[in-house]
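Should a chain be cited, it is by its letter among A, B, C, D and E, assigned in written order, with residues numbered from 1 in that chain.
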Amino acid sequence: MMGWIVFAILAWIAGLSLNVWLARQRPSRGASLAAPLVFGITLIAVWEGVVRGFDINQVLLPAPSVIAARMATSLDILWVDFVQTVIKGALSGYIIGCGAAFLTALAIDRFPFLQRGLLPVGNFVAALPIIGMAPIMVMWFGFGWQSKAAIVVVMVFFPMLVNTVQGLQASDAMQRDLMRTYAAGYWRTLLKLRLPAAMPFVFNGLKIGTTLALIGAIVAEFFGSPVLGMGFRISTSVGQLALDLVWAEIVVAAIAGSAFYGIMALVEGRVTFWHPSQRS
Amino acid sequence: MRNIIPVLTVVGLLIVVWYGAAVALNAQWARDVAARADKTLTFSELVADTWSQDKPKLPAPHQVGAELWETTVMKKVTSKRSLVYHTWVTFSATFLGFVMGTALGTLLAVGIVFNRTMDMSVMPWVIASQTIPILAIAPMIIVVLNAVGLSGLLPKAIISMYLSFFPVVVGMVKGLRSPDQMQLDQMRTWHASGWQTFWKLRLPSSMPYFFTSLKVGVAASLVGAIVGEMPTGAVAGLGARLLAGSYYGQTVQIWSALLMAAALAAAMVGLIGLIQRLTLKRMGMA
Amino acid sequence: MNDSQSVISASNLDLTFQTNDGPVHALKDVNLEIHKGDFVSFIGPSGCGKTTFLRVMADLEQPTGGQVTINGVSPEEARKSRAYGYVFQAAGLYPWRTIGGNIRLPLEIMGIPRAEQAERVQRVLELVELSGFEKKFPWQLSGGMQQRASIARALSFDADILLMDEPFGALDEIVRDHLNEQLLKLWARTEKTIAFVTHSIPEAVYLSTKIVVMSPRPGRIADVIESPLPRERPLEIRETPEFLEIAHRVREGLRAGHGDD
Amino acid sequence: MNDSQSVISASNLDLTFQTNDGPVHALKDVNLEIHKGDFVSFIGPSGCGKTTFLRVMADLEQPTGGQVTINGVSPEEARKSRAYGYVFQAAGLYPWRTIGGNIRLPLEIMGIPRAEQAERVQRVLELVELSGFEKKFPWQLSGGMQQRASIARALSFDADILLMDEPFGALDEIVRDHLNEQLLKLWARTEKTIAFVTHSIPEAVYLSTKIVVMSPRPGRIADVIESPLPRERPLEIRETPEFLEIAHRVREGLRAGHGDD
Amino acid sequence: ADDLTLQLKWVTQAQFGGYYVAKDKGFYEEEGLNVTIKPGGPDIAPVQVLLGGGADVMVDWLPSALAAREKGAPIVNIAQPFAKSGLMLTCLKEHGIESPEDFPGNTLGTWFFGNEIPLLSWMGKLGYSTDGSDGGVTIQKINFNVDPLLQKQVECATTMTYNEYWQVIDAGLTPEDLVVFKYEDEGISTLEDGLYTTEESLADPEMVDKLARFVRASMKGWKYAEENVEEAAEIVLENDQTGAQTEKHQTRMMGEIAKLTEGSDGRLDEAAFDRSAEITMEGGMITKAPEGAWTHNITDKALQ
């Protein structure tokens, strides 16, 4: 017992110092990949040590080794759940939701009437809590992935909208004056100046949306789903106290979410290379 | 105030659509009931029925309105049947969680911007943390906190914090990195400490990002508080109302709780917007 | 001068900014006629309203009194018909575009064919001596180079009127002389009308057919000097007595403006 | 000149920027000694590395070869001991602070007592003729006024070394003359060491004890001219033959730099 | 007084009337107990609360308790106030379902979390596949309400005799419109609301004593509730903090609940236990027959 606790403490110290050392090295692709990995491994080691050291019941918190074992034996389940929830539910909802929010932001930006009318109401509608929305969406769109996508649309809509609207106001006065001198119309100004200038904000929205989409799709499944999907599996497994499977699904969700976020961050780096936050 | 007319127009439009949708969604039930009684409905009877069902798929605006009136104005605010009381319960958890989330998010962002170790190792895990469906672990969080003697407001607020700190981290990391090179160089020439650079340059330039994050964060906070209200035994708060409504098929009750929650969120977002305008104006940035 | 057609005309122009601590009277009772083919320099102490005046002509600022017409129409219509090119006091390049991309920007907006765009970009880059920097991003250029890129951008689309706000402020004398010559050539060749803000008295005298001396608080026109110099101007003209005399008069005007400060 | 103690010394300085389309050699083999109390002007075509050189002295850019010492220590240590004040080529005022607030900024950072802050702000505002604008925000000021505010900011904390990157670029001749005089007085009174980038040949000659002419691609020192002019310099000195001769030499150096371009 | 915390399986409603009555009527107090009742909900796994130290006793259904035990949670049934099961399958007559023969081709909605197990083993007995293939049925997970049935997303749905069934009725359907299959009648019933605690508690004599007093007072509460349905419902309403319950519904529920607790003195019926365990095993929720999952220790003491 004590052994495991000591192990946890040692793992913590070792991981931390390794990372401090890594951070002092010359910046490189390797180091920036290694650091989170080291951090994660440290976290997992500490978790294992604590669970074993304090003899925490499986039913409360399974050890990482148990979760890993479960993942290895349940790959097929994890895969079908992944397809159902992430590909069908989250991704489609994300695309529709971000797209709709983007277009709405443009509309709001274009017509001051909407800015004053739609934005407050839009804020209001978007603030409808997912927990309340989910059962209703299931009622309207059925048990399939469509209702999940609908929830995701609602969830990603607001952050995307707020960020895009803010971003569209981000160009500075002189840059806009320049466009005026070219008698550039609304659309050209939008295309050539305001959209590029808005990109840092837009990507903020897109990045926040990635994780929201995933949570949204999973949580929505709690409120109605066919007999598969990550949310379905998690909620039923909690009921059966199969916590190892619950955590296996969570691990998949975390990996999928991080990858999704990472991809958006990568695209962001490409698109907004000129922004000070990307240059330093 | 010049917003009134546009807002009213949009709201008016929305209500019209809503009434229409109520007819469409509730019609089947009305027809079934009629069929069982061997009747056929005229169109006006159908419409009248769809707007007055007990357990409609989509309650009509006036039904929700009546319920809201009933549960806010007509009840003592301290009564358990008053929606004002439940809104207050949810609001206090939301607010506390939001404050904690903003603080945590800002602190993390500061750490990430100032410390390479944190930047490299923590950020990916902050992201991963957000992909964990809280609804799945919220009960565990509550149980664990209960075990160490924390109950009541705090567990809910912690879940609320868990959701709200993320938008703040993402926005603030970007915001704190938004000063341009020359501004940073200036600080260097004065040999400003990291703290001074933060306080006098990074923080002010991050303000537009900060407020945008707050708006998203407060909405997330509310979701967190509502989620947190469910595993605490669904005793009080808008989340409990939503749940209870759902378990007894009280759509009208669900919708009034839902609208109340949205109103709460909108009010908080609006308030932040107001503070934003005042602050940026004082800072000469708006 | 040679052509009495009025291109820019301002009458009783007034402009007051409202600020947090009271109004600022930036332009007061400004009257001016600029004819087709004129090269008009504006000179005056910092803060006297030169930029503001240019911005009014460009429909970037609304006068609070009086009026301006450009080619007989309002500044707004003139702007919409793309009657002028504007060089801002700061470079104002878009950071997400390369130098080439920045110069191409107005061409794209005005719908000029792609092949011609490339050719024009090359030409103006050469004019401002920036060939070879086409693919660099603004933040990779020195201050002066950025300023030149912004001049190139304004020249690229060949407007009849050029409004230039201290375009050569950040340039060394040699480049400046060179660009002065180039600008004069361009002007002579194309009969453009140019409104040009500068702080350099020799530059103003060397370039202009008309020099407007302004004085501050409230900003107004202190003196308008018609230059008797010929249109053909070698650099050496700057040593002639006529030149020095005009320069002297401008300097006096300026000093007077500063005096009542 | 009058004091052989070396304040800034550069030996075999080299600096290459890596950009998306190949390296840019901004400084090559630069050697220079600046003594205590020197007033050194840097002049050269745009893009020749003047700003880069100043930035290296200020520890804002790391040389890729050779080395610089300031007061015998590394630029980093000098920076940390707040040995210099730096005026950037662009004004770079913080938009959320008033002019007064901007000038107060370094004072706050250096922990100077509040009462003294106010007093100093007043003094430097007067020096650059901006009294009365203390409460305005930067965007409410003209370009030249912003530039002056930024000079005031660098002067406010009285460093022994001043690094000034084209501080007077956006100013008209009269203000410029005035500020030139003020700067000379300040320099004479306080024995500061000043490194000064300018594009104006007369300005360089009028102000400096030493003029460094640079030439571009790669940026290097083409000529170093020790001025024989006395330290006491009325404005009229600009008409003396000695003055004109030095100016001529500088112009030749510049032209040569441009020639091999 | 000794403190004791009870974790319910569901929200405050007449289903737990006995406990609220015992508390309200001072039965616990009489036994020298200070009892806290924590309502549950869909997201609460009472087992976790119990093991996490948040409660001393919990209410749970046997299948889920057995599953938890097999997963390593050392929980033991100490009393069984509910003698009968209230679970049933309710179908709309208009879909033409009259007997189990009519199931194939239809969608049966059931709650999960272990509640699907009896249904699955029933379908197994009937020889129907449950994956929607020809000749079989489709099993659809539904939430704890009857909306899917009313909105015809499913043809049949699980309901409790005391709750969801009445919601269907309240929605405007009459008993004639419905067909119900009580699990109790189909021989697939499992034991519902029982009281559970940890092996650790049972090893502590002091705790055992407390638990015995608790069960005694609780059973007294249940018997009182059976006899005073309206008063009990009133007490439940007073304890409902959501303010969402209605008197009509709770009174009706209390009446139905009384039918389920009737005849139980709290002692677990071994035969019923074995049958429940078998059904749970057939459904695949546990893999081997449970051992030590119940004790008569507490009820023996309580009933002395």
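FYI, a contact is a pair of C-beta atoms (placed from the backbone, for glycine too) under 8 Å apart; a residue touches a chain by one contact, two chains touch by 3 or more.
Here the structure is a predicted model, which is why all the values come from computation and not from measurement.
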Length of the shortest touching-chain route, subunit A through to subunit C: 1
Labels of chains that are neighbours to subunit D and to subunit E: B
Among all chain pairs, the one with the most C-beta contacts: A-B
Reference subunit C; chain at largest CA-centroid distance: E
Inter-chain centre distance, subunit A versus subunit B - centres from mean C-alpha coordinates, in Å: 17
Whole-Å separation of chain centres (CA-atom averages), subunit B against subunit C: 53
Between subunit B and subunit E, centroid-to-centroid distance (C-alpha), Å: 34
Centroid spacing, where centroids are CA-atom means, of subunit C and subunit D in whole angstrom: 27
Sites on subunit E at which at least two other chains make contact: 43, 45, 48, 52, 143, 147, 151
Subunit C: positions in contact with at least two other chains: 90, 137, 139
Residues of subunit B engaged with two or more neighbouring chains: 57, 135, 139-140, 143-144, 181, 230, 246
Complete list of chain pairs which touch one another: A-B, A-C, A-E, B-D, B-E, C-D
Partner subunit B, residues of subunit D touching it in the complex: 55, 58-60, 79-82, 84-86, 88, 90, 92, 94-98, 105-106, 108-110, 137, 139, 157
Residues on subunit B engaged by subunit E in the complex (per definition of touch): 28-29, 33, 36, 54-55, 57, 79-82, 85-86, 135, 138-140, 143-144, 146-147, 230-231, 233-236, 240-241, 243-250, 253
Subunit D-touching residues of subunit B, taken from the complex the two chains share: 182-183, 185-193, 196, 200-201, 204-205, 207, 283-285
Residue ranges of subunit A touching subunit C (in the complex, touch as defined): 174-175, 177-184, 188, 192-193, 196, 199, 272-275, 279
Partner subunit D, residues of subunit C touching it in the complex: 17, 19-21, 24, 43-48, 50-51, 89-90, 129, 135-137, 140-145, 147-148, 165-166, 169-176, 199-201, 251, 254-255, 257-258, 261
